[in-house]
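Both of the next two complexes hold subunit A, though its partner changes from subunit B to subunit C.
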Partner chain A sequence: MGGVGSTEPHRSDVPALPARRDSQQELLLGLADDELVIGWRDSEWTGIAPLLEEDVAFSSIAQNEIGHARALYELLGDDADALAFDRRPDEYRCAPLVELPLLEWAHTIARRWLYETADEIRITALLDDDDPGVAGLAAKINREEAYHRMHAEMWRERLADTPQFRAAVEELWPYALGVLPPEQRGALAARVGLEEADAFERGTHTDGLAELWEEMTMVRRSAPAGAQW
Partner chain B sequence: MVTAQQVWNALDEIPDPEIPVISLVDLGVIRSVDVRDGHVHVELTPTFLGCPALEMMKHALEEKVSALGGEPEVQVIQDDSWSTDRITPAGREKLRAAGFAPPAPREASAPTLVQLQAKVHRCPYCGSTETRLENIFGPTPCRSLRYCESCRQPFEQFKTI
Partner chain C sequence: MIWEIFRQDRKGQPFEHAGSVEAPDAEFAEAWAREQYGRRGESIALWLAPRDAIHAVTEWSDEFDLKYRRVDGYSIKARLKEARGRRRLDGAA
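Then we have the complex of A and B:
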């Protein structure tokens, strides 16, 4: 077991995954995985963003998103790290949108804006959840996300008229729809101003995830089992 | 036997790991202290969920309580109970004196870019409201960057959460 390059996670550490038939658990795990993976993707701009301000912004946003993932994993199980890093790539429930490696500015901003717009719809729905643990955490996340939405909206306004941004939004639109369950997609289409289309559904994965998984879990896989940090 | 007041006083000596001019009590992250038979139950509510200082705060709390002879039980509460409105008046004054503009009060709806760009944010150095937003994000998730047109100083503004 272990060793850099090993593709086998520490299976003995994996907590029981939420039962698939429990739609609420499934939704929360999808949300947590989305936040973890987009946080990793956002962090790829640290040090190389086109503006210094964006180095700072993307680093902070990434930190927040990964913080949200941790809190959600803790709601789902006892060991957030095990849920985050000990699953095989095909066991992640993230939407394909967040997996894409997009180190190109118009695409990055298009994804941030589409993702935050979709995320606001599902987080808002969770504010009234029957489970006070879920509703309380959703309220906390929502307060932090307000700043991500402002950032995304500010950039969308700047880029809206450019062909690069319009093409990126069009290209990513089927992925954005896949972030939400079918019943919430109409609201997203109305906000974005595009027609509903066939979505890239959650549960299917792009090559981007396998590549990211290698990097994301490398330290964890290379550490001897039981190592303390 | 340790009392709740002793615990509160001791916790007021723990500096915030990222902004050491204020204590954890000033910051409002201690939601409650409950002492029973030597067991000290402390509810800690994080500022931002991704705050890397959270673990440091937790350890510092446990050490302080142990030093008083209590058995620490620190529970991290992950709900919406921390707000920048919980920063104490003394804490806000300490922030201002150290060059951090204290946060505006929380409102029912989420803050907007229009609010952040409005001329209501006061410079911690000269008191002018002729300040502009430079960046929504700053050195930590809880801060924005602003610039004072009057005294020409850049400064950090606590985000309202």
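Then we have the complex of A and C:
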């Protein structure tokens, strides 16, 4: 078992996921990993957000996102913690957008807004899923995301005219496109008001993930397998 | 801009002052008040009022000491003792 400083993941006895996954599982895993990682990144603002009220709101949104990840992992496997923390960094399916360490407010808000806009497109598509478990969970997540969208939209309106925000949106745009499969990118481009471009695709990872993974899985890796919390 | 937040526990209950948030407009105030005073399911409704819109009353006068208007103007203790004594006598009779 890996300990602190080890680069080996903690592994439970049961494989977290089947090695061969269908396209639906692949999509849900990508969604779950996005929610986990953006929740983790956004929680980095806890205690240091630019305003006290926003600190509370932003931390709460981060917690919600991690809650969505948990619900999705539970749909995919028996052990949400194993899925969240027992994989190697290269086994995560999150989009590069959510991995970026962005401790700068204009970038953080640009990412939140781009992410929520993209997320709404894919969640809306899942509302009509043939699997009632998936459609039901999508509806539940969607009701909570409505407030995240409201939050992101109000910040966008406020920052839209600042050069910092505009530059951040343009910089993050190829990453935002990578959140969605190619067939949903046209809808995103229409909402954001930018042209489609080459995307930073899911399946590739930035350096940000390895560093985040170290931190995110540290406690889990330092504990013996089967430890109960 | 300071917004005073009032919250209601359950339907039919009075709104009570919960605290305040500092927000530039009603939209931000709502988003932040939701998170601070509603996300644990502790409220079924919120009222958000700009502090400036609240007409506060803090000055009181009671120049003639009209203590009979106040609850502490009556000594209940002595009257209760008297009533109890009367009941004992009634019981004994």
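Worth a mention:
As a convention for this text, the second predicted complex is superposed on the first by the 221 of 229 C-alpha atoms of A that agree within 3 Å, B and C clash if a C-alpha of one lies under 4 Å from a C-alpha of the other, contacts with A are read in each partner's own complex, and residues count from 1 in each chain.
By our rule, a residue touches a chain if its C-beta (ideal position, glycine included) is under 8 Å from a C-beta of that chain, and two chains touch if they have at least 3 such contacts.
The structure presented is a predicted model; accordingly, all values stated were derived computationally and were not measured.
Aligning the shared subunit A places subunit B and subunit C in steric conflict. In the superposed model, B is the one of subunit B and subunit C that contacts more residues of subunit A. Residue contacts after overlaying the shared chain place A:Asn142 against subunit B, while subunit C stays out of touching range. Judged by the touch definition given at the top, the superposed model places A:Leu103 against neither subunit B nor subunit C.
After overlaying the two complexes on the shared chain, residue contacts for A:Ala71 are found with subunit B alone; subunit C is out of touch. By the document's definition of touching, neither partner reaches A:Val219: not subunit B, not subunit C.
In the superposition on chain A, A:Val56 makes contact with both subunit B and subunit C. Comparing which residues of subunit A touch subunit B with which touch subunit C, the overlap comprises 53, 56-57, 60, 147, 150-151, 154. The touching residues of subunit B, when paired with subunit A in their complex, are 48-52, 78-83, 110-113, 116, 134-141, 159, 161.
Listed in rising order, the residues of subunit A touching subunit C in the complex are 51-54, 56-57, 60, 147, 150-151, 154, 158. Every residue of subunit C that touches subunit A in the complex is listed here, in rising order: 21-24, 27-28, 31-32, 34-36, 39. Within the complex, the subunit A residues that touch subunit B are 53, 56-57, 59-61, 63-68, 70-71, 74-75, 132-133, 136-137, 139-144, 146-147, 149-151, 153-154.
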